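The two complexes that follow have subunit A in common; it is paired with subunit B in the first and with subunit C in the second.
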Partner chain A sequence: MATKKNPPARSEKNGLISVFRRGDIFTRLSFIIFGAANMAHKQIIKGTVYLVIEAAYIVYMAVGGVHNLIMLTTLGTRQQGMAFNEATGIVEMVQGDNSMLILLWGVVTCVLTFAMIALWIVQIYSGDLARRTEAEGKKPLTFVQDVRELFDSHIYRLLLAIPVAGLLVFTVMPLIYMILMAFTNYDQTHQPPGNLFTWVGLENFRALISSGADLSATFWPVLGWTIVWGFVATFSCYFGGMILAMIINSKGIRGKKIWRTIFVITMAIPSFISLLVVRTMLGDKGIINVLLQQLGFTSGALPFLTDVTWARCTVIIVNLWVGIPVTMLMVTGILMNIPDDLYESARIDGASPVMQFVKITFPYMWFITTPYLISNLIGNFNNFGVIYFLTGGAPSSLQYYKGAGKTDLLVTWLYKLTRDSKDFNLAATIGIVIFVISAAFSLYSYSRSKSMQEEESFQ
Partner chain B sequence: MMKKAVIGLRQQYLPYALGFSALGIVGMFLPLASVGGKSVSVLSGVLAAFSGGSPFSWLLPAAAALAIASLALGIQNVFRPTVAGARIWVLAAALNAAAMTVLLFAGKSVVDGLGLLPGSFMVRNFGAGYWLMLAASFILLVLVMRAAKLNVGYIVLTILAIIWLFPILWIFLTALRKETGYYVGYFIPRGFTLDNFVNLFNNASVLPFGRWYVNTLIVAGCGCLINAAIILSVAFVLSRTRFKGRTTFMKILMIIGMFPGFMSMLAVYNILKGLGLNQSLLALIVVGAAGAAMGYHVCKGFFDTIPKALDEAATLDGASRWQIFTRITIPLSKPIAIYTLLTNFLGAWSDYIFPSMLFGDQQSNYTVAVGLYWMTDFRRIDSYYTQFAAGALVVALPIVILFICLQRFYVEGLSGSVKG
Partner chain C sequence: MKKFAATVLALATALSLVACGGGGTGSGGDATAAQGGTAAPQSDAPAGQGAEATPEAINLKVWIPEEEMELTQQLCAAFDEAHPEWTITYDISVTGIDESVNSLETDPELAADVMQVPSGSVAQCVNEGLLLPITYDIDNVKSLYGEGAVSAVTGDDGYIYALPFSPNSFFMYYNKDMYTEDEVQSLETMMAKDLGDGVYNFSCDMTNSWYIESWFFAAGCTLFGENGTDPTQCDFNSEAGVAATKYIIDLVNNPKYIEDGDGLAGTLMKEGTLGAMCSGTWAMGDPSDPTSLSGALGDKLGAVPLPTVVINGKESRLSNFADYKTIAVKSSTTQPLAAQMLAEWLANADSQLARYEDPAVQATPTALSLMDNEKLANDFATAALLAQTEYATPQPNIPQIANYWTPMQTLGESICLRNEVNDANIQETLDKVVSDILSTGLTG
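Let's turn to the complex of A and B:
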C-alpha cells in the first residue's frame, strides 16, 4: 500500500541534462513539444493538456506577446497629439502609445513566460517519470489516477492552486509592476494616455535621498518621524498593556472578566470608527475642547491636531487608547503561564513587587514576546490607520513636498502620492524603501529567533 | 497604643492614614480658590451652598462632610481596629476622593454658580487648600485600602475605565442627540431621539447608508468564508505535508508581505479594469481572497501542534490526505478556524484603503468604512455628525457583540501568534 506511492528509485542524477541524456526520443522531444513523452507513454490526456497550453502560449506570443516585450524597452515612443490626416483633410487626434498599459502588459507577458518555463520543467519530469515507470514494467498513472492523487499525495497542488493563482495575478504581478515603476518617471507631468513616461534608472532614489530639493527635505524628516513613531508607539503600548494586564491579574481584584471586557470593547470597535470618533472629539470645536473651556481648564481651544508637537503627542496617546487593550489581552495569557513558585520564593526572600517585576515578570515577558515586538514594530512603521484617520498627516508643512504633513509616515505619504498627486514613481520608490526597512528588522528578528531556539529555555 | 493584631488588617498603615485624613481637614482652612487677590475658604463655600445655588454647589459641603466623616472613622479605627470598620472607612475615603475629583471638573460651576469670586474662575485659580485636600484624599484612599487589604489596583482601573469608555459614551450620546450639528457647547444632549438611526436607513435620505451596510455585509461575509478556506488549506499544506519548494514558497510569501500592501493598488486597479471587475463588490472579494494566503502563520502554528501520529494512524487505515484534512485536522482546529473567520470578517468589515481607491465617487458601492469617512469630511460634518455617530454605533455593535462572544478564541489565536 505504502510502496505504491513511492516514485521509482532515485539512484540516477536528476538534473535536466541527465534527464535529456538518459531519456528516449520522446523524452528529448518533450524538450520542444510539451507533453510528447507523456503521450508516448500512455498519458494521452495529460500530454494533450500540456500541448494545448504550449500552443496557446505560442499563439499569444505571436499575436501580442513579443510585441509587448519589445515595447517594454522604450515604454512607447509615439506621443498622443494632433496630426493632419491627408485622407479626410482635417486635423485630428492621433492615439499615441500608452506607457502605463505597455508596462502592465509587458509584466503580464513576463510572468506568463516564467510560468511557461516552470511548466516546461514540470512536464519534462512528468514525461520522464512516465517513461521510467513503463521501463520498470508498471503502468503509468492514468489521468483518473492522477486526479485522485491530487486528493492524496499531491494535495498541495490542489490546495495551493487557487491561492497561488490569486497571489500571482493580484499580488506578485502588481508588485513587479510597481517595483518597475520606481525606475520610471511616471509622475504628475507624465500621465498617460496624454503623455509618455520612460525609464530613468535610479533617478527617483537619487531625488528622494539627496538631489530633489523639496523631495529630500520631505523624505528624511518623514523617515525620521516614522522611526520615532514606530518605537514610541510600540513600546508605550507594550508597557502600558503589560501594566494593565498585571493590575487586572493581580490577586484581590474581583470581576477580572468584567474589567477585561471594558477594555476589550474599545478593541472590538473597528479602529477606523474609534479613530474617526476621536478625531471629531479633538477638533477645535470638538467636545474635548468645549469641555476644557467650559470647565475652566483652558481659555482657548488646544491645537490637538493642528500644531506639530501637539499632533505628534496626540497620535501617540490616542494610539495608546487603541493599542493597550490588544497588548493587555495578549499578555494576559502569558502572565498566567509564569510559574507561581517563582513569585512564592521571591516573596519569601523578601523581594518587593517592583523587584519581582524587574527580576521575574519582565525578563520572562521580554523573552517570549521579542518576535511579537519586532513584528509589532514593523506594523507600527506601516500604521496607516492611526495616522490617516486621526490627522491625515496634518499639519501640512510648506517645506515639504506638496501634500505631505508633519505627522505623515512613509506609508501615508505613499498613499497620498498615489491618490492625490499621482506621482506613482515616487510612491513606488517609497514602497521599496519601506520594504528595505521591514526586511532589515525582519532579518534581525529571524536571526534572533534562530539563536533563541538554540537556547535551552528561559532561566 | 497597638493592641493585639486583627486578622484581615494591616494595622501599621492605620496611623498614617489618620494623619492624611487630618491633613485633608487642615486643607479646609486654607484658601479654596483665589481670583485677583480675593480668596475664599471651603467654609465660606459650604455656607454659601446652604443659601442656594446650582445642584453642583452641594458638592462642596458633601466633600467637606466626607472628609470629616473619614477623620471620625479614622479615629475610631485607630483605637478600635475592626475589618468592618476599615471597610466603611474605605468607602468614605473613596467617596471623598471621588467628590474631590468631580470638584476639579465642576469647580467652575460651583464657584461661579455661588458667585463667590469676582470675575471668571479657572481651574488654575484653585488655591493651596483645594490641592492639599485632593492629594490628601487620594493618599488616604491608598493607605486605607492597603490597611484593609484591598487591592489598590481598583483605583487605577476605575480611572482607566472612565478614560477608555469616555469616547464610547460620547458617541452614544451624540447618536441619540436631537439637535443636529457638529459643534454643541455641552456634553449631555438637550433632547433625545432615535431619528438619527431611522434617517440612516430611510430611503428618502441622501445617504444610501442601508446600501453601504448591505454591501459591507456581503463583502465581509463572503470574504471571510473564502479567505478562511484559503488560509486553512494553505496552512494545512505547509504544516502537514512536505513537498519540493515548500520552504521557498514560505520565504516568497514572507518577502511579499514586507511590501506595503496598497503600494500596488494602481496595478490591481488596472488589472481589475482589464477583467471588467472594477467598481464592483466582487472585486473587493476577489482581491481579498487573492491575498489571503499570506495570513497563514497563526493557523500553521496551530496545526503544527497537532500530533503527527494522528495523521500516520489515519494513513494506515487508508485515509487520503484530503480525508485527513477534512475529517481530522479541521474538526480538531475549531478555535483557530473561528479565529480565522473572525479576524477576516473584521478585516473586511473595516477595510478602508482599497474600497476608497476602487470606488472613488461611486457612492452606491461604498462600504461603511468609506461611507463613514466620507461623512466626517469637514464640508459635511456639520450636517451629518449625529447620523455619523448613529452609523458608527450600528457598524460597531455587531462586531462588539461578536467579539465579546468569541473573545476566548481570539485570545487563543493571539497567543498563538506570539509564539509565531
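Let's turn to the complex of A and C:
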C-alpha cells in the first residue's frame, strides 16, 4: 500500500542489500544493533523494544543458548554414572548428559534463533521505512499510532499473532523435535537418562527400506496391508453408504426418517465401544462362535481374529458398521440435491434405473465427493482406532519385527514401537514415511480430480 | 534445563528469585542429606546422638498400590519415629506396581523417590539409569532374603537395585475331588486320568510368555546362558527346545487341555469343569465370597507347585520365572540415603509380616526369618507359592530380556491359536524365535 503512494520506492530493489546500500548510517547500524534506525528516526519506543529483545536474546545465547547449540551437535557425551559417596557411605548417582533434553532445548534454541532472524529482517525494513518517511518530510508513526494501527488497518496481524504463536509452540516445535528423532539412535538400548543417544544420519531410513534387514521385512508387508486396507475400507464404506442412501431415498419407501435414524444411531455410540464389544463377540469363546456351535453350523471356533485372512476380512467388514452410516448421511444430502429434471428427462428417454445411476447419480456423486474420498482414504491409512480396538494388530507374526502383527497398519505399528519397545527413532522414521505417502498421494489425486480442475462446473 | 530456566529468569526478575530459591534448597538438600547420613549409623547405637542434632526437614514421595495405602502410612510414620535425625514430610500416593515403571520412565523428575516395581522390570530400569543401587547396610539387608530373591534384583554390575518383598509367581491350583495329592505331581498322570465328559484336565496360558517358558526350562534349555547374563546365548532352538515345543503342541491339541485366557480357567474351575489350572495367589480371592475361586471351591481347592513333565525321556519339574514384587529407589532422588533407608524399612521382615497379616494386602513374604512362621505354613496357596519359588528359574537380569517377551508370545499364539507349528517347520520357527530374542536391534 505504501508503494502506491510512493511509486519510485517500488522501482527500487527491495532486497536487504539494496536497503543497506541506499540507507544512511543508522540503517546500516540497524543490521547489527536492532532498532538503531528506528531510534534515529524518531521511533524511540519501537527501536527500544527491538533493542531490548536483541539484548535478551544475546543474554540468553550467552547464558545457555550457545551451549544448547553446541550440545546439539553431539547430543551429549557424559554418560550418567555411579559414584561412592564417602560421607554418606552409599553409592550415589552422578548425573550425566540427557540426550533427550539436549535435543529438546537445542530445538527450542534453533526456533528462537529463527524467530530472531525474522525479527532482524522485520526491524531492518521498519527502520528503512522510518528513514524514508522522514526523508519525504513526513513524521514517522509514533509507537501509540503503531499500536492503534494494530487494531485498525493491521488488525489481521493482531488476530493472526495468537494462532501463529500457538502453532509455533505447540505444533512446529514438537514436530521438528520428532522429525529430528528419526535421525538418531533413540531406541530401546539408548534410553536416557542412563544412556546417551546420538545422530546416525539416514541409518533408520536405510534399515526400514533396504532389503534384507529384519525391519524392512516388516515395513513393506505392513505398508502393503495399510494401502490395501485404506482402499478397501474407503470404497466399501463409500459404495455401501451410497447404496443404502439410495435405497432409503428411493420412491415408495415408507418411514424414510425412521430408517435413517436407525442407521444414524450407530454413530451415536462411540465407535471404540462398538469395536470392543465386537471384539469380545468374535473371540473363540465369544457369543458368535458359541452360537454357531450350539446351532450346529460349525464344530470348532471360527478364527475370526486369530487367522490372518479371517482377521483381515473381519476388520474390513466390521469397519462397515462404523463407516457406512457416515457416508449414508452425507450421500443422502447430495442425493436430494441432484436436480429432478435430469432423472425425468432420462426416464422419458427410456433409461433404466441402472443407466440412470451410471450416467447421472454416480458421476454427480463422484464429482462432489472426490475430496471427501481422498481425505477418507488418508484417514483410513491412519485408522488407528478400528485396528487397535478390534485386533490390536493381531495375529502377531514371527516373520515381523518385534510384535508387529498381520493386521497392523503403519500407524498402529508406530504406536507399538513407541509404547512397547520404545524405539522412538523408528517410530519417528515411520511417521515421516506415513506423512510423505499421505502428502504425495493427496497432492496427486487432488490435482487430478475433476472437482479441483473444474471447480465451477458440473455437466 | 537449569540453564534455560536461568535465562528466562534473567528476563523476568521476579520469577528468578523464586526459581533460584528452589535450586538453592535442592543443592542444599544434597549436602544436608550427607550430614544426615553420617548421623544415621550412629543414631542406631546411642540414641542421644541423633537427638542432639537438629532434625532436618526432608520430603519423600512414595508410590504404593491402593490396597497398601493405610499400611504404608503406618509404616512410614514408624520410620519417621525411628529416625530422629529427620523430620520427614511424606507424599504417599497411589501408583500400582504395574504402572510405576511406566510413570517413572515418562518423567523421572516427577516420579516418587520410593516405589514398587516388579523384579522383571528392574533390568530395564537399571539399563535406562532410573534406579539407584541400594548400598546402605546392604550386607545385612541381603541376608534377609534367599539366593533366588537376591539374584532377581541384582544388576549385571553386582549392585542390588531393588528389595524383593513378595514372590509373584504362579503355581498350580487343583480340585481335590478330581485329583489326589500324588496325581498332581506329574502332568502325564493328570492328563491320563479320565475326569468325565465336558471336564478339562489341565489349563495353562501358553500364549503368555510368563508361562510358556516353564516347559523349555524343564527340558533343560537356558536363556542367556547358565547364569542368565550372556545376551548372545539362548538355546530354545536346541534338541531339548524342539522336544519341549513338541510337548506343548501335543498338550494344547489334547482335548482334555483348555487354553487359559481372559479368566477362562478360573471360571471353569469354579464351575467344576476343570481339574487344574496355573495361576498365582492373586486368583484366590476372598474365601467368604462365593464367586471367588477360594469361595466357590472351599475345601476342595488345593494348591501345589507345578507338576513334573517327561520331555525327551527325562522327568523334570516345570520351572517358571521367579518374579518378585520389589521396592526400589529412583536414581534422581534428592534424598538418596533417606529414600533407600525407607525402602529397606518397607521391605524388612516386620513390614513383610505386617503386609501378610493385613487382610487387604496378604502379600506372601520373602524374608527367610518368616519362613517357619506357623500361619504361613498353614496357608496352602502361600505354601505352594513358596515351594514353587524353589523350582523357579531366576529371570535374567540383563536388558536383553526385553526382547524375550514378544517372540515367545508369538510362538505361543502360533501353536495355540493358529496351529501353525508342526514337525516340518518346528526347527525353523524356533530358530527365528531365538534370533529375535538375541537380536540387537538395527545393527544386528
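Convention: the second predicted complex is superposed on the first by the 409 of 459 C-alpha atoms of A that agree within 3 Å, B and C clash if a C-alpha of one lies under 4 Å from a C-alpha of the other, contacts with A are read in each partner's own complex, and residues count from 1 in each chain.
Here, contacts are C-beta pairs under 8 Å (C-beta built on N, C-alpha and C of every residue); 3 or more make two chains touch, one makes a residue touch a chain.
Just so you know, these numbers come straight off a predicted model, no measurement behind them.
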{"item": "Simultaneous placement of subunit C and subunit B on subunit A, clash or fit", "value": "fit"}
{"item": "Once both complexes are placed on the shared chain, angle at subunit A toward subunit B and subunit C, C-alpha, multiple of 10 degrees", "value": "80"}
{"item": "Which superposed partner A:G65 touches (first subunit B, second subunit C, both, neither)", "value": "second"}
{"item": "Which of subunit B and subunit C A:S397 touches, first, second, both or neither", "value": "second"}
{"item": "Touching partner for A:M39 - first (subunit B), second (subunit C), both, neither", "value": "neither"}
{"item": "First (subunit B), second (subunit C), both or neither touched by A:T88", "value": "second"}
{"item": "Contacts of A:K285 with subunit B and subunit C, given as first, second, both or neither", "value": "both"}
{"item": "Touched partner set for A:V222, first subunit B, second subunit C, both or neither", "value": "neither"}
{"item": "Dominant contact partner of subunit A by residue count, subunit C or subunit B", "value": "B"}
{"item": "First (subunit B), second (subunit C), both or neither touched by A:M242", "value": "neither"}
{"item": "Which of subunit B and subunit C A:Q188 touches, first, second, both or neither", "value": "second"}
{"item": "Closest Cα approach, subunit C to subunit B, once both complexes are overlaid on chain A (Å)", "value": "5"}
{"item": "Shared contact residues on subunit A - subunit B and subunit C", "value": "101, 283, 285"}
{"item": "Touch list for subunit B against partner subunit A, complex", "value": "105-108, 120-123, 125, 149-151, 153-154, 156-157, 160-161, 163-165, 167-168, 170-171, 182-187, 230, 233-234, 236-237, 241, 243, 246, 249, 253-256, 258-260, 262-268, 270-271, 274, 286-287, 289-294, 315, 318, 320-322, 325, 346, 349-350, 352-353, 357, 369, 372-373, 376, 381, 385, 388-389, 392, 395-396, 399-400, 402-404, 407, 410-411, 414-415, 417-420"}
{"item": "Residues of subunit A touching subunit B in the complex", "value": "1-2, 100-101, 104, 151-153, 155-156, 158-160, 162-164, 166-167, 169-175, 177-178, 244, 247-248, 250-253, 259, 261-274, 276-281, 283, 285, 287, 290-291, 294-297, 299, 321, 325-326, 329-330, 332-334, 368-369, 371-372, 375, 378, 382, 384-385, 388-389, 411, 414-415, 418-419, 424, 427-428, 431, 434-435, 438-439, 442"}
{"item": "Touching residues on subunit C, where the partner in the complex is subunit A", "value": "1, 3-4, 6-7, 10-11, 33-35, 37-38, 41, 105, 108, 126-130, 132-133, 135-136, 159, 262, 264, 331-332, 336-337, 340, 399, 402-403, 406-407, 409-411, 413-414, 417-418, 429, 432-433, 436, 439-442"}
{"item": "Subunit C-facing residues of subunit A, complex", "value": "56, 59-60, 63-65, 67-68, 80, 82, 85, 87-93, 95-96, 101, 105, 108, 185, 187-189, 191-195, 203-204, 207, 213-215, 283-285, 303, 306-307, 394-399, 402-403, 420-423, 426"}
